[in-house]
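In what comes next, chain A is part of two complexes: it sits with chain B in the first one and with chain C in the second one.
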Partner chain A sequence: MIAARIKSPVIYAALLPLLLIVFLLALNVGPVEISLGKAWRDWIGSQTTIETLILFDLRLPRALLALTIGATLGLAGAALQGLLRNPLAEPGIIGVSNGAAFGAVVVFYYGLSGLAWFMLPLGGLLGAVIAVAVIFLLVGKSRSTITLILAGIAINAIGGAMIALALNFAASPYAMQEIVFWLLGSVANRSVNDLYIALPFMVVGWAMMLYCGRFLNALTLGEETAGSMGFDVSRMRLILIIGVTASVGAAVSVAGNIGFIGLVVPHLLRPFVAYEPRRLLPASGVAGAILLLVADIAVQSMSETRELKLGVITSLVGAPFFLFLILKSRNTLQ
Partner chain B sequence: MQIVFIFLAALAALLPVTAAAASPQRIVSIGLCTDQLLLLLADREQIASLSVWAADPDMSYMIDSVGDIPLNNASVEEVIAYRPDLVIASQFAAWNSARFLRRLGYEVRQIPPVKSIDDIYDLLARVGAWIGHPGRAERIIGEMQQKLDQIERRYRDRPRKTVLVYSPNGFTVGADTLENDIFTHAGYRNLAAEMGIEGFRPIALETLLAADPDVLQIDRDLSRPDSLATAYVGHPVLDRFSAQREQLDIPTRLRICGGPMITEAIEAMARRR
Partner chain C sequence: MSLLEGENIGLQIDKVRILEDIDLRLEQGELVGLIGPNGAGKSSLVRLLAGVETATRGGIRFDGRPLARIPARTRAQRLGYLAQGAMAHWPLSVEQIIELGRLPYQNWWLQLTPADRDKVERAMRLTETLAYRNRIVTTLSGGEQTLVMLARIFAAEPDLIFADEPVAALDPYHQLHVMEVLRNHAAGGRAAIVVLHDLGLAARFCDRLYLLSHGRLHCCGGVSEVLTRENIAEVYGIDSRVDCNANGVSITSLSRLGDHHP
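After this line comes the complex of A and B, so read on.
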C-alpha cells in the first residue's frame, strides 16, 4: 500500500495540470481549424469574428459544460458510494440519472421550461429526488450490493419507460427521436444558456456534498458510531442527498444521462487518498471533469456530422469496469 | 354458379378500362403536397378528402381553398370510408398506408420527390393527366415559366450572393434538391452545394460559421414546440453571427412542396439580393 501513503497535494499536483491540458485541448478540437491566438486577439480587441464566435460561443461553453458535468458526476459517485457504503453506487447505475432525465423531459417537452430559467434543472432535481426516495425504500438499511443493483435495475427500467412515455406524447414531432440524447447524453450543440441554467444548481450541490466529507469519514465506522461522534445522521444524509440530486439533476437536464463516470473515477482514485471518503470527494470531482473532457474530445474526433453520443464512450469504458468490480467482489456478494 | 363467376370476372376485366376512360370523381389525398396539387388542379367535387396538413398555416400555402373539404390523418380506415376511386400520396409520406391501400385493391398513385423546377413542371402535367385536367396543368406551367422569366429579367443586374440553410437538427440543404434550384433561380450560390453536400445533411455549426455566407436562412417557423432538434436553430451563436449579416426568412409553406408558390419564394429571395 505505497499509494496509501501519498498525500493529497501530490494527487492534485498531477490532476490539476492534467485538467488544464485537457481543457485547452478541448478548445482546440472541432471540425474547423482555427487559430486560438487570433481568436484571443480579436476578442481582446472586442471584435466579433468567425474565430471569436467559434471559440467563445461554441467551444468554450461546450468545454465548460463537459468540465462541470464531469465534476458533478465524479463527485456524486464518490458521495453516493460513501453514503450507501457500497462500491457500486453511482447516479447512473442506481437510477438517479434516469429519474432526473424523466423530470427534465417532462419540463422540456411540455412547455414548462419557458416559465422560469430554473424550471429545467428543478425538473431534473425532482426526478432525481423521486429516484433516490425509491432507492431508500427498496434498499433500506441493507448494505447488500445485490439489493442495490436490483433496485437500480428496477428504477432504471421505470425511468426509461417513463422517459419514452413522456416523449411519445410530446407535441414536438422530433421528440421521439431524441430519446437517444436523454439516455446516452451529449454536450454537442449546447450553448452558454445551458451552462447558465445548470451551473447554479451544480455549484450548490458541490458545496453540499463537500460539506459532508467529515460525516462520510465517520460513516465508514457505521451509523451508530457516526452519531456518537456528534453527527446528526439523518440531517447530514439529507444534505448529502439534496447535494447529489441538485447537481446530478441539473447536469442531466442539460446533457442527458452520461453513465459510469461516477463509478469509475472514485475507484481509480481511492488508493491515492488513503481510502478516505472526505479526501476522495474533491479529487473525484477533478478527475471526473478530466474524464468527461477526454470522452468529449474522443467523440468529436471520431466523426464530424453524425456525432457519437458521449454516453456511448463512457459506457464502453465504464461497463466493462462495472463487470470487473462485480467479479472482484463476487465473494462478498453472497 | 360458374356462370355468375365468369360474369363477375368479365366485369372485373372491364372495370379498369371504364375507370381509365372517365376521370376519377372521389379522390383522397394523404399528404401535404398532393393536397395542394389537388386544390390547384381538380374540380372541388372531385376531392373527397385532404390530409390535415392542408389546413396547417405553417405548411400549407392553400389553407384558404380548403373550405369544408373533410380532412384525414392518412390512416387506412379513414381513407377507405371515403370509398375513393383514386388515392394520391407522396412517395415518402404515409408510405405504409399507401402500400396497404394498394394491397386492398385501391388505385394508389404516388408522386416522386421534386428536385428541381423542371420536376415541378413534370409533376403538374402528370397529376393533371391523372385527374382529367391536363389543360389546367398546362396553363399553370405556362404562368410559372412566364413569372420566372420576369424575375430573371428584373433582377439580372443585382450581384449574386452566397447562402446557407440551417434547419432543426442542424441540417442543411445541398445539391440535387428543390431548395437548391430555387436558390439558383433566385440568383444565389448555395455554399452547401459547393462544399459537395448532396441532399439534406447535417452540418456542424463551426463549419457553417467558417463558410461565412452573405445570407443565412434559418428555418425557424417549424420550431414552436420545444425540442432538442429546434434548439439547434435557437443556438445563440446564430443570432450573434446573423446580427452582422442578412437573414433570409422565406416561409416554409412557399417552398416545401412543388407548385406555383415556388415562384413567390424565388421572387421574395431575388428582391433581397
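After this line comes the complex of A and C, so read on.
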C-alpha cells in the first residue's frame, strides 16, 4: 500500500469553499422565507426590519453556533484520538460531555435557568471543569493512558447516573421534557449571548489543541519516545486536555450533547492528511463545522411541526456511518 | 572529558530500589553494551541516561553538563533514544516516520528545509531503508520496522544513541544489520549504548560491556574481562562455555545451575 501524500492546500482548497457555501445555505434556511439580500441592504442602511431581525438575531447566531460547535467537536475528536492513539476516542471519553451536561441539568432541575441567560452555560462549564478536575485528581501524575481512559469512562458513567437521578426526581413531566430535549442537543433558539459566552472558551481551547500538534506527531512513536524527542509528556497532555475541556465544555453547555461528529470526522479525514495527527487537527475542525452545519440545515428543512433535534440526527446518521467506516477499514486498523 | 558520565546513579520507585550505585562512562567512538538478565535494570538505566526519566540519586553529565540542566530541545537533538519494541501507532509512511526525527529542529509549522530533507535521505541511506520509503510502516516486518525507527534517530544526527534491545526478535541478518549500523555510528566519532540479550552479539560488536545484576553493576570492562564463565554463572545462573578465537569471544549456554535464581 502506498501512502497518498496529499498536500495540505489541496484539502483546504476543497474544505474551505465548501464551508462557505454550507454557511450561506444555513443562513438561507428557516421557517420563514426571507431575502438575504434585502436583509443585508437594510442592515447596511441601519434599518431594523423583519429581515434584519431574522438574519442577525436568529439565523446568524444559530449558524455560527453550529459552525463553532462542529469545529470544536471535530478538532477535539482528532486531538483526543491523537493523544490516546486510539481511533475510537471521542470528546466524551474524558468525561467532559456528561460533566457539562450534568452541570446544565442541575441548572434546569433547580429552575435556575430563568434567573439569568448565562446560568445554563455557566452550569455546564462548571460541570465540565469539575469532571476533568476529578479525573486529574484520580489519575494524578500517572503516565498511564489507560488509567486516564478508565477514569474518564467512570466519570462519564457517574455523570450519566446523576442525570438519570435528576430526571427521576424531576418536578413535573414538563421539567423532565425540558431536560430531555435539551440533552438531545440543538442549536435552535439560541441567542447571540450564547455565542458570546461559549466562543472565548472554544477559541482558547482550539489554540491549546492546535499547539499540541507537534507533540501529537511525536506521540505516534509512543510516550517514551515523545519524551526523548524533547516533549514534557505530562505537561503537553495537560494542555491538550484543558483545551478539550474548555472547548467541548462550552459547546455542550450551550447546545447539549451532539454525538458522533467528534468520532466520525477524524476517521473520515485521516486518509486525506496521510494519517498525520497534526495535520488532522485543523482539517477535522473545518470538516466538523461543515458536517454540523449540514446536519442543522437538514434538521430545519425536514421537520414540520416538531423540530428534530440536532444530536438525534448526528447520531442517527453518524452511528451507521461509523459502522461502515469500521467495516471498510478493518484491515488497516491496528 | 567523557561524552557521558554517570556517577552513583540510583532509581527508586514506590520504595522499590530499581537501580543502585551505578558508575558509568562513555567516550567518543565507543559502542558500549549493557547486558544482564531480565529485570536487572538495563532498560531503566538506559531511560535515565537518555533523559526520558529522572534518577532519584546520583548525577549524569553529558558533554560535561548535568543532563537535567540541558534544555529538552537540545537534549532531543543530541541524544537519540530507541525504545524497546518501538512501533508506530498510526499507519504513516516510512518517510513520514523518519521525518519525525527532524522534529527537535523544527518550529510549530514543521516545514522541512532542504537541509532537513538531506538528513532524512542520508538516514535512509545509512539504514538501507530507501527502497521502502513510501511503504506504510505498520505493514513492514519487525526487522524493517526497527531499521526505520533507527533511521528516525539518525535523521536527528545525535551524538549519542541509546538503543533498548534493538535486535530482540530479529532474524540473524537483521540483527547483524542493526548492530553494524550502530557500530558505524560510533566509529564515526559519535557513540552508542545498546541493551543486548544476545551475549554473542555483545561480544562481537561492543568495545566495552556493563554487566548489571539486581539493579547493581556487577562488573564492567572489555569483552573478555566481563564475559567470563564465572561472571555468567553468577549473574545469569547458567553454566556456559566461553571460547576465545579469531572471531572474538563466543559463548555457548550449556545448562542452568540448579539452585540459582538470577
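Just so we're on the same page, the second predicted complex is superposed on the first by the 248 of 334 C-alpha atoms of A that agree within 3 Å, B and C clash if a C-alpha of one lies under 4 Å from a C-alpha of the other, contacts with A are read in each partner's own complex, and residues count from 1 in each chain.
Methods note: a contact is a pair of C-beta atoms (placed from the backbone, for glycine too) under 8 Å apart; a residue touches a chain by one contact, two chains touch by 3 or more.
The shown structure was predicted, so the numbers you read here are calculated from the model rather than taken from an experiment.
Once the two complexes are laid over each other on the shared chain, residue contacts for A:111 go to chain B alone; chain C is not touched.
Once chain A of one complex is fitted onto chain A of the other, the partner contacts of A:171 are limited to chain B, with no touch recorded for chain C.
When the two structures are aligned on the shared chain, A:211 is found in touch with chain C, with no touch to chain B. Once chain A of one complex is fitted onto chain A of the other, the partner contacts of A:278 are limited to chain C, with no touch recorded for chain B. With both structures placed on the common chain, the touch criterion links A:46 to neither chain B nor chain C. Judged by the touch definition given at the top, the superposed model places A:31 against chain B, while chain C stays out of reach. Of the two partner chains, chain C is the only one touched by A:229; chain B is not. The interface of chain A with chain B does not overlap its interface with chain C at any residue. Every residue of chain A that touches chain B in the complex is listed here, in rising order: 30-32, 34, 48, 50, 53-54, 57-58, 108-109, 111, 113-114, 170-175, 177-178, 181, 189, 191-193, 304-306.
For chain A in complex with chain C, the residues that touch the partner chain are 1-3, 5, 85, 211, 213-214, 217-222, 224-225, 227-232, 270, 274-278, 332, 334. Touching chain A in their complex are the following residues of chain C: 47, 50-52, 72-73, 75-77, 79-81, 83, 86-93, 96-97, 100, 103-104, 106, 108, 110, 134-136, 138-139, 149, 152.
If you check the complex, the residues on chain B that touch chain A are 168-170, 201-207, 209-210, 212, 225-232, 235-237, 240-241, 244.
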